[in-house]
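Following are the structures in question.
Paired with subunit B in one complex and with subunit C in the other, subunit A is shared by the two complexes that follow.
Our next item is the complex of A and B:
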């Protein structure tokens, strides 16, 4: 019983940050801009969020509750700013979007690690390569959590889980119901049609990539709280790429991407729980960590054929060329 | 009101590096007329309309709309002056529905809870009403990527009407349509005029002008040559105005002098790449010095016959004999070496390598043989000499000769390059598929002359064309294909155009045209 409960609790905590990063990727890619930078954007978000949280709690004396929520705001800002760089290079600089995304990943990783060390040494006067976060509060809903099995969904919830569910709903509305979402999706299929309708392709795409950065940053901050309660070089383990895999399996649409994230999240947490239950040594736990990636490879074989990427994805838009 | 011009473009001059695209061109269009801009490719028609639509700025001259001088700096400004344009290449979002495409940028809104949201129900309703009003039937909820070219074109027209455009520009609207679709489009254009819209029709097809236009401006090499009332215009005269020299519309066709059977197709059955049988039990023979034309509505299996003979598609059953020898099991290169030249329908993807230069494209049939290759090394000078020879012989025009990247060449010259490469092999069999599609009258004539010349030198020619006029003009023997089967094969002079048309529709209406259309769309 605890095995299933723990699988659900851990699975949700892993799956939801992955989902919000993937949704960010969907926004960027449905507007026509390839976004391999999800890893770097989320890392930058986690860094700025963690730094903000640390400063707020230790220097400004803000209590950890409000600091927790504010840190997500800063994470979104950090991700958005780096996203703006991606947008600038891809849209205004007409750079190759794949290379640009990879470069941003490398850049984010090295810059954040450098900054963590420098800030720790110069400002806080301690040699350290990480920023510690307080342990996140977790809530259990009274009553609902007592329901067998399903109760696990209401047990030991991170506040960010609720936040991400709300953001997912808002993102779905924006992408599929709002005027902006319609324009965004049109940009990813045929930017010339958007241009002919008198709309600003570059502006729409820039906003889409910034949204992508903000959502990645929030996802990154959530991982920083849930997985290690700190920000350090060990943050960069490739969950950003996993989010990209999820959105591709989800055919660039939100609901199927949720399904892919559920599979990734629960496969990982179930494997982890089973290894623990059987009492295998920790090396087996490391093996479980690769489960989502192995699953990605397997799913690639079965799902790839049916998927269709946005038609104008990755193409540099040139008004004059038709 | 009679003399009131809704649109005037006065003394427009537009220069591009090295070329004057429009040279002091003046056109004056009356409200409620169909005004045709006629000229060969490159005559400056599209440039003139791009200026009107705000995509280019003229170097000199002024534009007046409803008597007011205007500056048009962008397509949205043009739309603001109620000018709309249907481009040759559609700008549609393929994964949106028809209604979503039409309302894009001007969406009706509703509330989703307390949030603003696009009102697709209302959009569908609006499009349905609009399409009924102008007789342009479409299903607003159909996804654009899944509908045919002619319906996509209707969507483009509806896009203009939704934005309440009064001046509608059509840029070569019939280039990709079948004869039936052209008929229905011309009807639509007439209806639009009758409901008070002003129409500018860019075209190089004389008969379309004759059929719908009220007045016609002829452009040649950037200059306005003349403006005529279509009712009292003489086709031959207009054609020569357009081309710039006296041309004969009739081809000088000698009587056929047939020799031995070159191509013998026996009970051929071919499936397309999706495994659907497109050609069923087809048999025909072509003799040396004979042009056999396969006539039919697009999608009835004619392309698959050509692909099967050339080796691009596998044969499911039956046999193909070239000079009495079976070639059914041979590879594409082996067939070419046995003597088949092929001018394919899709010149961009099958006929040419667009990003290679002209000399490499002209050498594609020979590059692996001596003297083009020696000891495994390509001999650049041989390519160059060969290309220069062909460029001269076949009058292939381009900006920098043998080194021109083929993508930058005009459609007519691209086709001339393919024809040159294939004819130069001197093969006993040449297959032409849609050889003049999208070409202007001058380029078309040169291709027709080449076809007749090959036949007169004793070559067997298989001509596959959707243009009935082309078939009637060139063929010695006509085979009509319908639904993958050849219904009738007979000497060309025993057919009238109407009879061929009837066979093309499946003889005596066993299946009507609409049924065919539906079948094709599936």
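Our next item is the complex of A and C:
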């Protein structure tokens, strides 16, 4: 019983940050900009958010409650700024978008780790390679949590889980129902038509990539709070790439992407619970850690063939070309 | 001719941008950038240090630097071969670890004599890397799986599985790494006295130089190289011309993987001699920078390897001398990488400038 409950609790805490990062990726890719930079964007978000949280709680004396929510705002900003760089390189710099995404990841990783060490030593005066975050408070909904099995969905919830669910609903509305969302999707399929309709392709794409950065940053911050309770070099474990794999199964649409995230999240948490239950030594956790990655490859084998990516994805938009 | 000049100039601009940004950061931290950059050279044995530990000298550092460049050359060639075919192999570090681990457990701990062990290590490295590489190529052409996603997934899988085996079987409890391999299997001869100094002789550098020539020959003189490049330019056109696109993708990834495997054995069984669990070599990512700066051409890569490795290798000494974090090296490399992504625009800018200059000259000539 507790096995199933814990699987659900941990699975939700893992899959929701993954989902919001994947949705960010969908925004960027539906607008026609390949975004392999999700890993770097989320890492940059986690770094700026963690730094802001640390400064707010230890230096400015803001209580951890508001600091928690504000840190997500800073995480979104950090991700957005790096997203702007990706957009600049891809749109104005005419960079190869695949290479550019990987380069952004390398940049984010080296810059954040360098800054963490330097800031810790130069400003806070202690040599350390991490920024500690308090462990996030978790809430249990009274009453609802008593329902067998389903109650686990209302037990030990991180506040960010609620935030991400709300953001997901807003993002779905924006992408599928709003005028901006329609223009965005048109940019990914037929940018020349968008241009002919008198709209600014580059501007729409730039905004899409910035949204992608902001959502990735929020997802990264959520991972920093839930999995590690700190920001350090160990943050970069490739969850950004898992998010990309999720959106590829999801065929660049939000609801099927949610399904992929559910599979990843629950496979991982169930694996952990089973290793713990069987009482294997901790080195066996390494073998469980490969579960989401193996699952990604296996699922990609079955799904990739049927997929249809946005038609103009990854192409540099050239007005003169027809 | 001019396009090659432009390429070299673009690389120079990118490197200058990286060094400039690095200098600004170092200045902001209140340190002297020129001194820091000189420390980089000292750390690589390219400039004399103030004092040396007993039995060590400039040549010790220089050979150690060459030893550390060797895997980078292989790795960057691996990236380049894939890139020519339009594939982006960021799984080099995973392929390196896989090859290095297999060679370590099969030959590294065995009692084979050096004449058999060393070639065997190299062969296992090539085979293991080629196997993993062609798997990626096969997944790409058979199931349409983006090689970037699959190589990243394989990177993590290899890293965790190798870490599991090292921690359960081959761990050295003091160093927290895998046990040091035997000298007979090692591709670097350790502590050889040269002119009174203890030096490490990197044997694999000879192989690396041969690989540079071989890849150059393959890409420019052989039909296979032409086919791979054709698939890279336009898979559709190549297909119409009767080139097997699927076969080319698998072949390209196989060669790329084999080179990555060589990088792996020269890194883990040469430069290091052991494997640290749960860590993927940064070589795999540095090699992307080297490949891009080198313009994906073998000769350019050779130069870029030696140049960029000064930054990474020398950073440890710089850190100890000036108190800067050694991670500044990866920041500088990342900025160089960022600038290379814009090389299309840079080249276009140079071409346009050259054209307008030529036009002006032509006008002046006609005026006279």
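The definition used in the following text is that the second predicted complex is superposed on the first by the 322 of 322 C-alpha atoms of A that agree within 3 Å, B and C clash if a C-alpha of one lies under 4 Å from a C-alpha of the other, contacts with A are read in each partner's own complex, and residues count from 1 in each chain.
Following the convention adopted for this analysis, contacts are C-beta pairs under 8 Å (C-beta built on N, C-alpha and C of every residue); 3 or more make two chains touch, one makes a residue touch a chain.
Computed from a prediction, not measured in an experiment: that's the story for all the values here.
Subunit B and subunit C, once both complexes are superposed via subunit A, fit side by side. Of the two partner chains, subunit C is the only one that A:95 touches; subunit B does not reach it.
In the superposition on chain A, A:238 makes contact with subunit C only, while subunit B stays out of contact range. By the touch criterion defined above, A:259 reaches neither subunit B nor subunit C.
In the superposition on chain A, contact is made by A:192 with subunit B only, not with subunit C.
In the superposed pair of complexes, A:117 makes contact with subunit C only, with no contact to subunit B.
Touching more residues of subunit A than its counterpart among subunit B and subunit C is C.
Rounded in steps of 10, the angle subunit B-subunit A-subunit C defined by Cα centres in the superposition reads 80°. In the superposition on chain A, A:178 makes contact with subunit B only, not with subunit C.
When the two structures are aligned on the shared chain, A:106 is found in touch with subunit C, with no touch to subunit B.
With both structures placed on the common chain, the touch criterion links A:287 to subunit C but leaves subunit B unconnected.
With chain A fitted onto itself, subunit B and subunit C come no nearer than 6 Å, counting C-alpha atoms only. On the subunit B side of its complex with subunit A, the touching residues are 74-76, 79, 87, 89, 91-96, 100-101, 104-107, 109, 112, 115-118. Residues 173, 177-179, 182-183, 185-186, 189-190, 192-199, 310-311, 322 of subunit A touch subunit B in their complex. Contact residues on subunit C toward subunit A in their complex (touch as defined above): 29, 88, 90, 139, 143-146, 148-150, 152-157, 160-161, 163-164, 167-168, 278, 285, 288-289, 292, 325, 327-328, 330-331, 333-335, 337-338, 340-342, 344-345. Those residues of subunit A that touch subunit C in the complex are listed here as 36, 89, 92-96, 98-100, 102-103, 106-107, 109-111, 113-114, 117-118, 121-122, 237-238, 241, 244-245, 248, 283-284, 286-287, 289-290, 293-294, 296-297, 300-301, 304-305, 307.
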